[in-house]
Amino acid sequence: MSYSRRSFLDAFAAASGTAVAVPGAVALFDAAMSRAIAQQAPTGPVPPLQFLSPNWPDYVEISRLLVASWSKLGITVEARQGTTQSVLGEVIGEHKMPHVVGVSWGGAPDRIDPDYFLTEFFHTRRATKGGLNYGHYRNAAFDEIADAQRREMDPEKRRALVWKAQEMLATDNPIIVFTYRNSTQAYNKARFAGVVPTLGSGIGMSYIPWTYYKMRPLTSRRIVRIANFTEIVTLNPFATPEIFNATLLRWMYPTFVTRGPNGEIEPWAAEKWNALDGQTVDMTLRAGMVFDDGRPVTVEDVKFTFDYMLQWKFPALARVNDVLDSVEILSPREVRFRLKQPSASFVPNVLGFCFVAPRHIWQNVPGSSGVASPADWPNENPVGYGGFRFREWRKGEFVRLETNKNFFLAPQIDGAIWLVVPNIENQLAMMESGAADILGWTIDGEQAKRLNRHPELEAVSVPSHGMHEARFNMELAPVSDPAFRLAIQHATDRKEIIDVVFSGLGIDALNSVITPANKFWANPNVPNVEFSIDKARKVLADAGYTWDGGGRLQYPRR
Amino acid sequence: MTERGLLRFGTPSGRIGLAMFAAFCLVALAAPWLLPYDPLAINYVGERQLARLRPPGGAFLLGTNYYGRDILSQILIGSRVSIGVGLLSALIIVFIGTNVGLVAGYYRGRIDALLMRLTDIAFGIPFFPFAVLLVALLKPSIWNIIITISCLLWRSVARVTRAQVLSLRERAFVRAARVAGASDLRIMYVHIFPNILPMVLLYVAIGIAYAVLSEASLSFLGFGDPQVVSWGSMLYDAYTTGSISRAWWWTLPPGLCITLFVISVFLIARDWELIANPRLAT
Amino acid sequence: MSAEAGRGAHRLAARLAQSLLTIWVLVTLIWLMFRLLPGDPTTALLGTGQLPPDAIQRLRKAWALDDPWLVQYLRYLANLVVGDLGLSFVFREPVMKIIAPALVNTLLLMVPAVTISVMLGVVLGARLGWRRGALSEVAGNIIVLVLRSLPAFWIGIIVLVIFSYTLGWFPIGGIRTPAFFPETWIEEIPGYDVARHLVLPVLAAVLYFVADPLMIMRTAMLEARTEDFVAYAQARGLSDGDVMRIARANAMLPVVTYVGIMVSFAFGGQVLLEVVFSWPGMGRLMVNSVLQRDYPVAQAAFLLMAVLVVGVNLAVDLAYARLDPRIRDD
Amino acid sequence: MSLLAIEDLSVRYGRTEALRAVSLALDAGTSLGLVGESGSGKTTLALALLGLLPKAGRVTRGRVLIDGVDLLTLAPEALRRRRWVDLAYVPQGAMNALDPVSDLRHQFEATQRAHRDGNAKARAAELFARVGLDESWLRRFPHEFSGGMRQRATIALAMLFEPRLLVADEPTTGLDVLVQRQVLDLLREARRERRMAMLFVSHDIAIVAELCERMAVLYAGELVEIGATADVLDSPAHPYTMGLRRAVPDIRFPDRTTLSIDGAPPSLAPPPKACAFAPRCPFAQPRCHAEPVSARVLPDGRHVACHRASEAAALWVEAQAPETWRRAG
């Protein structure tokens, strides 16, 4: 689409058409998008397709590329951005959605298990306000398979179910997955060696911190400085709403199990575990773990922590209340978990997320501390038992952690400082000037190339299971028509998006909701959708769509 | 430089300012036809090689940005938004401010107290933080920026206009008009307004300058409309892709354009200031 | 109390009442703005996918977001009067604990920047307005013109790129080096590290702030030169420097009144420079808390800025009286 | 050699030639009154003498000699050192001559410091006493002084270095009669005690008559008549002086009606070629309109710039009659 004067005026008019009336992020779309349940088949020209995404730089670029390629189907595409708050609030909070909404998801550890993307995104249960199935994909057969795989403890059987679910999504096309953007960080290899590339966390993110446990200091600088975008908001592990804050606190309060560099489940604070049947799991606590104040970590602490979660129903740990019934102490080192219903993701997503809180401290919280719920208790000097111990937190500046040498896998560095550097420009400059040793967030190809020019710096790009996707509004014509959605899939040039927006550092999603890099769970024979405008137009033609003299797409005549 | 001369020719610096201002406006109007490339198109070099962050020269006069878009084209099309927002906001600012000042200065009494209390409150609000609040809470769009700028910056025009109107209304020619039975409106707009015109035009110029700077700053913080290219949004893109220090050809031009345009407006404003306050001409 | 003092006190009381009224209107305006517009503090948590829908509802109840607006508003006002700014939705801590360090950082940057700018403005402005027709006057005017037209964030970027990225003389951003171990004796000096971080932001801020006081001083100086007392001073054979100083003392008055307005604009530049220099001040805190819909912190940050602006305007009035004896008596 | 000698002084503001070839002299200890309508150039003369012409004004010709030294060509520092020591100045608008933001003591000290060491505070107190001001006023600010008190302060300040020449530019304008009297007494007393020369600029002939031994009359930037006050007043030689004389009520002839001179001074951009007063002069002849006038010396030593100077006595008799002035021009 050439940037003709008319299109600019449209953009100007579109922008001016919105906010002048009563402010409201997607107010304009309300009028057009009333969620009419039974819509009789529309006729006449296909209306302009509305694409909404947050004003994150990558999505601004993706929307520009999509507007260019989708218009080749003979439709006008209007891309609009809102602030993160207004888009999340409207789309996820209120389920007010235009034709297509683009959002991206990080490579958090508990999204490696297939259950997250399948159930949270597409199960009918999650098609209610606040749920992530804001596209309202309702497919009973799919729900059945999704619930079945949750209960299936045998990995082989569960994988068959997961593959089946992926095939159903590939035919229904409720979602376009553009790419699984690599997690790319640079580090100063003159100062530290032994970084560990990990699925989703790359070498520097806090999610699964193998690098920080295995890296060796090569110079006198034994404390690693990490430049990161965001900052933590609390030191209370029961109150961490956001993934970076949650995973950083897990450095001090290690989870029972963790993920290996390639995503496989590994023992961590637990030595071993055994799933008797779908609903009871026995776990053996690792011996010799000691809290920072010298008190031993015991099964009593474990039971206390889970009972505490069941009692207070912490929002951030809602998954525990969903699935756990009770915890019982079997022996000085063994506990038994009884579940409400069989759950295959209990070990990776619950034992992989929960931790042990020292009973002798938390039992008298809130107590006299005058706080409504333990989640509001600041926990200013956290007593943990992990490989790192808390030293100092200056809001807006940094968090300083010190190594706990008697942890079973004692890190070789003396400490880590998470610097709050809110702009990429300063982060790159700090790496180049040596003010920072490693990046804690992800950068893209061009920035990696810039840092690689420095002999002492090296950028490492690791595949991730976090996806950039766009969701169709299943109840709104024309995207309610499967043929139209398939045509849109054909008209999406994933290769160009990866090259232009992420300068090559991303995997082509091959239209699957599970990243090919997640080898065990990704279904290899999901039919890929080849980028071809001609094929897209053929799909539309076969479905009865026509084009008028001016090349504008018309609905099929009924 | 007699006052009459000033009115017809303006000072040399004023003329330079006017020339620069006219040049910018012409470019803004003619932008779509001057574009060497589509400002939003991704350009390639050779077969599939993305023309990313190419320095000026060769096919791209001012080089390309991080996403392979031509910077010269973006500067040209960006001028429309930056100047458009500037002019529009300035006109709204001066329209509100002048009228508030006129009414308050002319009617005095309760209306004056009320309007001036409103002005004091507007003065109490730190401008840019409030603009950030408003734009961040609304939706990022040029219109929100214009609304935000206009709903605060009218305050200085109102206060100055009121002061002038207070003194003008006592003058003989105003009393004469009133005796001759002219209606309040006629007196205000036919008799008083022409006398405060130089000062009003001075504030139009200052208004444009502040509006352009505010739009650029708000866009730089990411509150501009991403679909619309403006000088501020270009700097936002440069900043969020971490190319500031390397791609000088991407950072300098937008900043220079903003500065030069604002300079041209301030030069014009100085001429209006001389007319409004001849004593400064010594 | 003598009549004079009485009249002065009365005038002060009126000014205070007016300031309080202004602040009350601001508080209400900001409070309403957050409620009217989409998204609330729990929105930020939706995206993380950590919180299933029912957990979100529990949070809304815990933070009393579902109470009727009027109740929330009156409770907010009551707390405000007592000085309790409420709990931050994001940090779950009293807002005062978050705002206080941010306020200190902001003042740490703004106070030196504004002071230097005003002093520089007065001295250079006086010289510019005094030597007529000299080349320095033309150059001075051009400098003032350019400085007034530069966007604040662009000044910040250029200063950062030159002195930090390229020359590396100063740190890249932030307010201190975490885990700073002083080696040389200079680094032993307390506050050395923060001072080193302060240099570039203050330089950028001065470049941004100095233009207006400089220009106002120059104009005031042009007018002061024509005053009779300047000619009379010359007639008394005072040195050119002495005469200029007399003119400058009188020309400084408009600059002092300008400081009040300058502070309200200074916060604008402050927000931008704090973002560019990653300076953990109130400006950046306000932008972040607005983006996260952290109402209490955003409101408190904005309110504090408004109070500071009103406070400075009041202080300027008093300072003006001390500077100009003619005002002191009435 | 006279203390002050102004030779052929001309001053131009842009295109207006405010002063044209004015020459006069003043001996030490004597006083000279300078009278003329407003715009006649009398203040311009004073300012030019003091080197205080505003930016627009330029001295185009002539010299100002103090003890034979031309002030106009003096180096700035040399001129500065002579100021207030050789010649001091009592400004017309005392209202804002004093620096509003500093107290009087400070203004004294600044002036003292500019020239030589000395206990400014004591000297100031002594001078304030001489002008009838209490020492406590030294700590007060100019706006706290009344008009008269402020004028006295400036006079005290002018006396700081006992200058040899005092230039007073209409010091009593705007003061009420009583205060005028006090100020004039002060000036007379100051002159007598210190044998100080004085150039007194005023539009009020009565004051000059009372205070100054010699008098000069300026009209449209030209010196039309200069001589002993008694001669100039009793038997004015220049028709303009006659007109002035008849415009002032005379205590000796209470019932005589005062006259006014019709018309107004000519524009000085460009200035008239011939006698500037010709258009309004009742005794003007064709010659007066054509030929430029040069000053003639009368027997009593007066200089008069009038073609018919020799018939002065006769013309003065004719000038007594009111109808003479009605047919002028």
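Which chain is which? They are A, B, C and D, in the order written, and residues in each are numbered from 1.
The working rule: a residue touches a chain if its C-beta (ideal position, glycine included) is under 8 Å from a C-beta of that chain, and two chains touch if they have at least 3 such contacts.
Since the model is a prediction, treat every value here as computed from it, not as a measurement.
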In contact with chain B and chain C alike are the chains A
Chain centre (avg CA) closest to assembly CA average -> C
Check: interface with higher C-beta contact count, A-C vs C-D, is A-C
Taking each chain's centre as the mean of its CA atoms, the one lying farthest from the centre of chain D is chain A
Rounded to the nearest Å, the gap between Cα centres of chain A and chain D is 93
Chain A and chain C have mean C-alpha positions lying a whole-number Å distance apart equal to 39
Chain B and chain D have mean C-alpha positions lying a whole-number Å distance apart equal to 55
Expected list for chain C, residues touching two or more other chains, is 37, 165, 226, 275, 291
Two or more other chains are touched by the chain B residues 136-138, 239, 244-245, 282
Where chain A touches two or more other chains at once, the residues are 23, 25, 83, 86, 423, 429
Listing every touching pair of chains gives A-B, A-C, B-C, C-D
Seen from chain B, its contact residues with chain C in the complex are 117, 120-121, 123-134, 136-138, 209, 213, 216-217, 220-221, 232, 235, 239, 244-245, 251, 255, 258-260, 262-263, 266-267, 279-280, 282
So, in the complex, the side of chain C touching chain B is made of residues 18-19, 21-23, 25-26, 30, 33-34, 37, 145-146, 148-154, 157-158, 161, 165-166, 219, 222-223, 226, 261, 264-265, 267-269, 271-272, 275, 283, 286-287, 290-291, 298, 301-302, 305-306, 309-310
In the complex, the residues of chain D that touch chain C are 50-52, 54-55, 80-85, 88-89, 91, 93, 96-102, 110-111, 114-115, 141, 143-144, 154, 157
Note: in the complex, chain C contacts chain A through residues 36-40, 42-59, 62, 87, 90-93, 98, 101-102, 160, 164-165, 168, 171-179, 275-276, 278, 280, 284-285, 291-293
The chain A residues in contact with chain B across the complex are 2-5, 8, 11-12, 14-16, 18-20, 23, 25, 55, 57, 60-61, 63-65, 68, 79-83, 86, 423-425, 427-429, 443, 446-447, 450, 496, 499-501, 503
